[in-house]
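Order of writing sets the chain letters: A, B, C, D and E. Residues in each chain are counted from 1.
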Amino acid sequence: MAQNVRESSVGGRPGAPLAAAVSAWVIYLFLIMPSLVVIPMSFGDKDEFMFPPESLSFYLYGQYFFESTWMATTLQSFEVAILTTFLSLLFGVTAAYGVVRGNFPGKRFVTLFLLSPILVPVIVVALGLYLYFSTLGLSGTTFGLVLGHTVHATPFVIVIAMAGLRHVDPNLEAAARLMGASHVLTLRKVTLPLLKPTLIAGSLFAFLISFDEVVIAYFVSNTTTETLPVKMYSAIQWEISPVLAAISTLLIVLSLVICVSGTALQKDDEKGE
Amino acid sequence: MVLEPRTEGGSEHRDRKVWLESCAKHYGSVVALAEVELAVEDGEFLTLLGPSGSGKTTLLNLIAGMVQPTSGRIWIDGADITRVPPSKRGIGMVFQNYALMPHMTVFENIAFPLRVRKMAEAEIRRKVGEVLDIVRLPDVGKRKPSELSGGQQQRIAIARCIVYNPSIILMDEPLGALDKKLREELQLELKQLHTQLGITVLYVTHDQEEALTMSDRIVLLNHGKIEQMGPPDELYFQPRTLFAAEFLGDSNIFDGTVAGLGEFVSVYSEPGASMMARPAPIAEIGKAVKVLVRPENLTLLRQCEESGLANRLSAEMVDSIILGGVIKCYVRLSDDTTVVVQELTKAERAPPPPGSKVSVAWSAEDTLILPAVGGMTEGGGTAAA
Amino acid sequence: MIFVAPFFLFMGAVFLLPLAFIFYTSVVADAFTLDYYIKAFTGALYLRVAWTTFEISVVSALTTLVLSYPVAYHLSRQPPKRRVLWALFVLLPFYTSILVKSFAFTVILGHNGIVNDILRFMFGPEAGIKMLFNRTGVVIGLTHYLIPFMVFPILASLLAQDPVLHRAAEVMGAKPWRIFWRVTFPLSLPGVIAGTLLCVILSFGMFITPALLGGRKDMMMANLVDFHIKETLNWNMASAVAIVLLLLSSVFILLLAQVRGGQLFGERH
Amino acid sequence: PGKAKASEKIVWVGWGGSTQAVQQEIFIKPFTKETGIEVISASGPNRAKIKAMVDTGNVEWDLVNMMGATATGLAKEGLLETIDSDLLAKWRGQSLQPDWIKDWAVGWYYWSGGIGYDPKRHPMGKHPRSWPDFWNADKFPGRRGLRPRVNENLELALMADGVKPKDLYPLDVERAFKSLDRIKPHVAKWIKATSQTITLIQNNEVDFDLTYSARVESAKASGISIELVYDSLLCESGLMGIPKGSKNKSAAMKLIDFFMREKPQKAWCENRIGYGPQNTKALAALSPALKAKLPSADDPSTAWVNIDWWGDHYGALSERFKEWLIT
Amino acid sequence: MVLEPRTEGGSEHRDRKVWLESCAKHYGSVVALAEVELAVEDGEFLTLLGPSGSGKTTLLNLIAGMVQPTSGRIWIDGADITRVPPSKRGIGMVFQNYALMPHMTVFENIAFPLRVRKMAEAEIRRKVGEVLDIVRLPDVGKRKPSELSGGQQQRIAIARCIVYNPSIILMDEPLGALDKKLREELQLELKQLHTQLGITVLYVTHDQEEALTMSDRIVLLNHGKIEQMGPPDELYFQPRTLFAAEFLGDSNIFDGTVAGLGEFVSVYSEPGASMMARPAPIAEIGKAVKVLVRPENLTLLRQCEESGLANRLSAEMVDSIILGGVIKCYVRLSDDTTVVVQELTKAERAPPPPGSKVSVAWSAEDTLILPAVGGMTEGGGTAAA
């Protein structure tokens, strides 16, 4: 497949011309620059930010894994992110399905409304949720946190799922229905399996958004439900701990592992882009 | 066999396989299907023919239950199924692009409707094997649809459709995506399957040749209305409108005015003074009509040659084109209209060279009179790409 | 349609009601009042900050666009598998907390940062550029964060293009540069517009980055919301500013709906 | 007001990071051991959250660390519990700054801000030694760093303008802003995050800034080249208060009482160099080396923040300061 | 006019419009085009015909410069342009889906190649107007392509192509997406444009009828090789291989062994003992051959009817299908093979009913002898959907 693209590139789609490629590389460099500073820093052995570190050690990783509540908040972040992923996938995929397949008056308007949380500055959402959840007694609960993150992440899932659904032939669903399958069975056996790449991409996005989110979490969480980004943020009220560098490095490695193994697994699905 | 819509009462259609009782479908202000009355016989191979956008798919979807009629009711086997969901109608459908599930093997694809029906695994295996035999692809069960050729995929789509014994199969241009050669092969196979299984088939196509080849009966749609319906030969030989005449087969059409009635109708027309035509109810003296002659009914004569045919016009040879089995000759009449003559291709009998003086002749039997309105719309049948 | 209903209701409960709360707070202190809005629309501080917000957001979005386009273009020319790997670089900024990032930026872009050291080495001691703690710093920080949100919509609209169009242009004699400007770029406009608007709106909500990397004048409306929530405890004012911010982004939402309905993220036409 | 039962639990909110970890060891653990009251540590005392908790009657924090100048705002809004007067009287008697013992919050330690600089870049004699020096850009050229908030800045501006520390209050606001106008062009960064007061000197982004003794000492210990001018400090109080409606008010007061004790205060200030104890006995018991870095109440070069004054003026001045900042 | 490849030296082709000098194209191990030698005359309408995957697009792309040949050289107007980029070859191309720029108006689309050539604005306006007149769409300049019908879009694509006077136009199945009716109309128009402008056209199709209708010369490709080339009638009447015979037109084919040579060749064949066929160089006594008769050359006779034709077999009527202008009759021979007879459709002369005894007869002239190998591959020409 890779070869085809190159072959036909003599005339058709040129592989990126050199100028474009070079400017892209420069920008990639810009994007990873901070990481290039952060990763070495994470191997420092002092309690202050040092670059370059004077000597290398796993001191900061030790702190992360064994001291304070870093691990607990990480686990909390995972919990929230996983639940958020689940919920936003549920809401997002069904909503996208309704929007793409459905035909109802004001569809465009409804779509815009469903996507609107992306378009409202997050601090506004955070404040609103905080006031609202406090009256409901949801403030500080993991559930409240998940709800907040779901509002935030679902629009992204909708967008991805809408794109994915447009690639799923509606005739396949019609065929299944005609052969006697109920709506639910059709969704389970036909639509969802075909949406697999989309679902994977959507969950990855939802997970990352929730895992990384600080503003909403800062307002909505409390002591027991504090997430990693919130802890990272509150850890710097007075001092800044280089443990943060170690955490960033760990996250980078984690995402590399996920993506690389994802690509490796994706072998057969090359056409599904 | 021809069912006249409207004029008949209706209730007697209840015992038909399918009956659309004054069904219409509007999309907002678009009338996809005007009020239509249609009854389908058990075991019949019925083709819906018409230009793009004429409402063929809409009609099929109404029967399948994919869309709800704006008005009217749908009956299958005497039961009103207008509000029954598609999954409960027991209908099979073969889609234009086959709609095989790309994530399932061929076996799983065919087994799908059986699993939906909670059939036992052994039974499923047996039935799938059976239909794979019927479509003559016994060994492809383990493959994915993408590993099959277009024709093979089509057969799997049919197998999947017949495996659960639906008594009606709907097919929406199942051959539309194939090339001519393969298309013709599969037409034959489809037709054989139909005979063999005795199922009722509703078949959609916009290819007139395909419709003529395969159907017991053709329903010709135009702008959401039924233009004419009947067996292929009836539509071909007795088109009731200009549209029907032009849509099925090639035709030469002249403007004319009815000049006399008798055993044959005589029509006064521009290019050749007077022509004799088959009698028709619409013929009234002085009425403007269209006169239709099929190219294959025209005979090309050298200037001097004699023929016993009633109508004859002198002309000049313009061009001739081999289309394979037939040759099309274009001749120009005295008033500059071009007429097409179709002859069988014979190596040793080349048509006269361009420029030569010829005559075209045809019998009064082969001359039809049609109402002057209702031809094909300009550029009709063209969808924006 | 029923499929839209669950999220629709959810949104009503967890998004609209909170917004309603904010609105309520912005007009009701002890009794109904428009004082906060009057202040928000007339106070010198608020007007100036609103303008700064607008300026920073638009400049950052445009800078992001300029930087993202080559990346999206480059990604679009990669075979799918390699594309995923390159895309990792685009996602990497997500994983570094802005606090750590701001330190990293001082190491790289600061007065004694790597970039300035190189510049001075090459062009003499006067060659250093001030890239931090001014408008440039904010734009760099925001851009770094926003690039992924721009790259993916553009990438989608680039991938949706029919390669035959490029060939057609080429056969007609067009050089690559012209093909790009007359074919590729115009056809990617939906993605460009969606991405740009999205980035403008996302920057509306930023307050940590400008505070850490900006100069004294780089205060944004979100900073004011934050300030009133946490410092002065004047939530009525905070809510009023938030609503004004919401109005501002609504203008952009409407633009978005106007320019291309549902083209957000470069969906297919 | 409930009684402290053995199974009682309170939530205490600190500043996070290693500071809180140390407090945990020195105060919380012995306290739990002594009283049996379980203490949950939270970090990130956020005044907005206190307000929301109280407003919605959903109070989950029992004891919160606060900054002097801003804590008064909470009290003004009636968001803090009143503390038992006999306890208050007891604490006032043993305090370095009895003014910081309020009905609604208790100043239990202090920290000091001063002029920070890099001794490698600005050796002895090349750096400002007082606030007038800091304001004097001709004599001490270099980029300044100040905080983007109104408290601290007004005090510094007045001192720079020649006001004696003891004569600061009530602050002459107009004079202070005039004085601030003079330094404005020389401020390279209004430093939002406290941690940046160190890293910006470390990375040579500013030459002199307002930073804090505890941060400087810890940075020095890590090998960063940084120094603080110890003879013109601005001391602020770290307070502890109880959000209104706390369900464990009395246990929280017990914990405050523990924080006020001599022994743990001494241990705390020995561990975190730069923090000063409110308890006078604890201050007296510190080693001379440590005392040298801590001002005493009668040190004339040191300014002590007046919490009350700020309580009346913080909101309005904050907004004015923001406006001043961006113009 | 027929150019024999290989056998001729080559250098004399330099003065042809286009000359592919032993061009081959491999994709990895796939041979998209085996070594091919092809010369195109100036002003010629040359059609590349062949099943899917036979290398038609590849050949076109080689000439356009979209792909580089693995070996061989390409000459246009006597210049070696093998390494010249597409933009410099001065070639026009019409794509299957037209490849009109959706974001430009029709005017801008057509003006595009002129702007590339830095023509003055007034000149551009004039030329665009001119070609819009030529394609008979003078008023659509301001519209976007999406506002035109498929047929109109196609004409715009052609307008855009001819506006810069390329001396060669390549068309890759330009009508593939259209329905039959429109397709036929546009075929005619294309052909007229070609005559009117005198441009060299290289046309790709897999529709044999289209190829026969339009071409001056047809190049029949199979598996990346040129199977046969020549004018339409030559390919139709004198196919050199079974593949060519089967791909162009319908055919009845019998196995046989050459039994005698003379004015006509006599062949012994299963169903009907002996048949007379046209003489052919490959006929050697005792050699196994295929015997081909076109359905239109067969005459259907009642059992007793007489005919002066050299070959005659008795058979039983199986079925007959109206295809529009022609009727296909299927008859079964004594050895159970089915033979197709094609007749012109006449209303009054219905074919014999199924089951009736008939004879099929044909002349020795219409009987071709072909080599026994090289038929169409099973299911060939099928692209996976």
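Keep this in mind: a contact is a pair of C-beta atoms (placed from the backbone, for glycine too) under 8 Å apart; a residue touches a chain by one contact, two chains touch by 3 or more.
Computed from a predicted model, the values in this text were never measured in an experiment.
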Determine the set of chains touching subunit C that also touch subunit D.
-> A
Can you list every chain that touches subunit B and also touches subunit D?
-> A
More contacting C-beta pairs: A-D or C-E?
-> A-D
Which chain has its C-alpha centre farthest away from the C-alpha centre of subunit B?
-> D
Chain-centre distance (mean CA atoms) for subunit B and subunit E, in whole Å, is 26
Centroid distance [mean C-alpha coordinates] between subunit B and subunit A, Å = 53
Find the geometric centre of each of subunit A and subunit C from their Cα atoms only, then give the gap between the two centres in Å, rounded to an integer.
-> 17
What whole-number Å value describes the gap between the mean CA coordinates of subunit D and subunit E?
-> 91
Taking each residue of subunit D in turn, which ones touch at least two of the other chains?
-> 46, 48, 193, 195, 199
Multi-chain touching residues of subunit B, meaning two or more other chains, are 97
Taking each residue of subunit C in turn, which ones touch at least two of the other chains?
-> 99, 103, 107, 164, 167, 170, 229
Residues of subunit E touching subunit B in the complex | 51-52, 97-98, 146-153, 177-182, 206-209, 212-213, 232-233, 236-237, 247-250, 294-297, 321-326, 342-348, 363, 365-366, 376, 379, 381-385
Once bound in the complex, which stretches of subunit A touch subunit C?
-> 1-2, 5, 8, 11-17, 20-21, 23-24, 27-28, 30-35, 37-38, 41, 49, 51, 90-92, 94-95, 97-99, 101-104, 108, 110-125, 127-129, 131-132, 147-148, 150-151, 154, 158-160, 162-163, 166, 208, 212, 215, 229, 232-233, 236, 240, 244-245, 247-248, 251-252, 255-256, 259-260, 262-263, 266, 270-271, 273
Using the touch definition up top, name the residues of subunit A that touch subunit B in the complex.
-> 169, 171-172, 174-182, 185, 189-190, 193-194, 196
Give every residue of subunit E touching subunit C within the complex, in rising order.
-> 64-66, 85-93, 95, 97, 99, 101-104, 112-113, 116-117, 160, 164
Subunit C contact footprint on subunit D (complex, rising order) = 46-48, 51, 70, 73-74, 77, 148-149, 184, 187-190, 192-193, 195-196, 199-200, 203-205, 314-315, 318-319, 322-323, 325-327
